[in-house]
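Going in written order, the chains are labelled A, B, C, D, E and F, and every chain counts its residues from 1.
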């Protein structure tokens, strides 16, 4: 009972913290200074039609590098925590039906294709490396669920992950050498605004982020699932 | 053309509404699934056709959406129906026959 | 051979989808799409073999085209059926799970047949076991397996047998 | 029009959130949490943030649900959960 | 007007999630509460960047000069925060699974300090 | 005129969304909730199409494509969990 009372007090405190957000909102129509600066200058400077992508990859590029590192750390921690506890959970397990298996095999390449579309067009349409990586990881998840694959090749996965991480830093350093600074994408030509090959190195960076995020999320999923032995199951 | 698209869209949304109504009214899970699968598939198809008529530039993405919905919706319904059956959700009291029951017991013995 | 054919079909399919995704024509998009499609078909794809079950003959193409319209007609009929049952005040249903047999041998044929059954009047595929399909039917009719099979499966089977055996 | 849609979706979201916390069955709670992020993603789109909407749709409705379900099935062990609530 | 509604919904979601985090007994329910709180926070941040009548900051052929855009910075921040949120949720679930496998229970009152 | 027709369609879709979520909240079984989530996904896909039309931004259709492809995997995962195959 006293626990519930304390919880109510904590809730009231949180409400008191959140109340100013609701009451004292910015009422003016104009954007804050930094935002309008970005909106005015970013298309000309970077050549990226999607301003959110431009901000994530260049102006806030260091943050993104940090986020990818945090994701890597989380993946490593999950893998470490759930290592070699594979005996539990494998009590009874149904195979997926034949229909789901063939359907998953058919849809898998289409999901991968859409993921590639999302991260290649990160600078033109909504989406980008993070979303594309998630979509690719979901495609591999579909393979796991439909039962056509039982385990992934860990060597290939960690190879893809380290290669894309290394290449990301290499591209960032290339910006330091041939353009204005670390993570500056303007060492490649800007191209025609709004077409695929434009915006300097932004599509390259986002593709690398996409591969890395995809590989990391597959790692998380692979560590989370129970390792079941599937012999002797007929259903 | 746009008016025709609007009429298609309304027809589609009516089918979506029927699907939701079926979800509420039907007595057991399999019958709800009958309404929830067929009516939502056709409803979405009609709405997207209407959308492509109103905005002809979007026809590519609308066509792709229709393709994906036609392929993935029955698959997920099949997976859910199979799961519900194996999790032991009953057919309801109006059920006439259940020919899977015998076959299933055999499978569990071999498993 | 089957796998090679499957990969060729997948290449055509991915190129078509890429073109639809980037609908107004652009040469750069097409280059990127071609590279992507080549990379995808070179991946080790488990379960891609089912696409190789398509037949190349002109007859199969014509049947596929007709099948599309037959399927859409059945879908429309299914929806009118659902609408009738939902709006009817007494809910005229008498559900049951029945067993039907199919003559189709290939996985692709069975996948298409199961999806078609799920989207046609009053039926959902619940379980598949080789050539037996167990189908949930919202209003069970007929007594024998053969009679039911004729009502549910035969219409699609005729087309699918030509398209993908 | 937009305000009405946002209010309706928001109320549905709050209802789903409260239900997610008070359902007995854990898997049903996970499904309700999936509904919360589904509706959140439509609201993001109404707020003109399609990038966020896409991320939320992909992560919230598929990957988060799956991660929860993997954890549940590892914790389920030998005890069978009742498929009905 | 719409910003107020969005921010209120987000704040309520945060409070609901916090309530779940503090009062639920099952670890999974607490993690669900956390992820609801996460969604609420993201909703508040995105809502603060919205302006009336503005459109998404993505330039294409349908944009005419003089169009208003929403603030792109909150979108950029929330975008990465959602992905990190998934990783954090997975990490918490991994801890929960480990606790469950060592104690055979997922209820919070089974974890007393003196049994450690 | 056409805009009004699409708006009416959107209102009907909102009502169906409410009905579907009612089924999700009252249950009674986990399977029922999963069916309701499936229906909700499809309905919100159409709603996203309407939002794209009313704001005149074709790029929003990409989000609908994500819905169509990805949330299917979520439903399959729930199904596999229910039949103890995960």
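In this section, a residue touches a chain if its C-beta (ideal position, glycine included) is under 8 Å from a C-beta of that chain, and two chains touch if they have at least 3 such contacts.
From a predicted model like this one, the values you see are computed outputs, not experimental measurements.
*Asks:* Could you work out how many touching-chain steps separate chain E from chain F at minimum?
*Replies:* Minimal hop count between chain E and chain F: 1.
*Asks:* For the pairs A-B and B-C, output the one whose chains share more C-beta pairs in contact.
*Replies:* Counting C-beta pairs in contact for A-B and B-C gives the edge to B-C.
*Asks:* Taking each chain's centre as the mean of its CA atoms, how far is chain B from chain E in angstrom?
*Replies:* The computed centroid separation for chain B versus chain E comes out at 31 Å.
*Asks:* When the centre of a chain is set as the mean of its C-alpha atoms, what distance in Å lies between chain C and chain E?
*Replies:* About 39 Å, centre to centre.
*Asks:* Mind checking the centre-to-centre distance between chain A and chain F? Centres are C-alpha means, answer in whole Å.
*Replies:* Centres of chain A and chain F (C-alpha means) sit 23 Å apart.
*Asks:* Could you list the positions in chain F whose residues touch two or more of the other chains?
*Replies:* Those would be 10, 17-18, 29-31, 34, 55, 57-60, 62-63, 65-66, 69-70, 72-73, 76-78, 80-84, 86.
*Asks:* Show the residues in chain B shared as contacts by 2 or more other chains, in ascending order.
*Replies:* Counting only residues that touch two or more other chains, chain B contributes 19, 21, 33, 37, 41, 57-58, 61, 64, 68, 71-72, 75, 77-79, 82, 84, 86-87, 89, 107.
*Asks:* Mark out which residues of chain D touch at least two other chains, giving numbers and ranges.
*Replies:* 48, 50-51, 53-55, 58-59, 62-63, 66-67, 70-74, 83-84 - these are the residues of chain D that touch more than one other chain.
*Asks:* Can you list the residues on chain B that touch chain A in the complex?
*Replies:* For this pair, the touching residues of chain B are 68, 71-72, 75, 78-79, 82, 86, 107-108, 110-111.
*Asks:* Quick one: which bits of chain A touch chain B in the complex? Just the residue numbers, please.
*Replies:* Contacts found on chain A: 92, 94, 96-97, 99-100, 103, 106-107, 110, 232-235.
*Asks:* Can you list the chain D residues touching chain E in their complex?
*Replies:* Residues 2-3, 6-7, 10, 13-14, 17-18, 20-21, 26, 29-30, 33, 36-37, 40, 43-44, 47-52, 55-56, 59-60, 63-64, 67-68, 70-72, 74-75 of chain D touch chain E in their complex.
*Asks:* Touching chain D in the complex: which residues of chain A?
*Replies:* Chain A reaches chain D through residues 50, 52-53, 88-89, 91, 118, 126-128, 130-131, 134-135, 137-138, 141, 217, 220-221, 224-226.
*Asks:* Sort out for me which residues of chain D touch chain F in the complex.
*Replies:* Contact set of chain D toward chain F: 1, 5, 8, 12, 15-16, 19, 25, 27-28, 31-32, 34-35, 38-39, 41-42, 45-46, 48, 50, 53-54, 57-58, 61-62, 65-66, 69-70, 72-73, 83-85.
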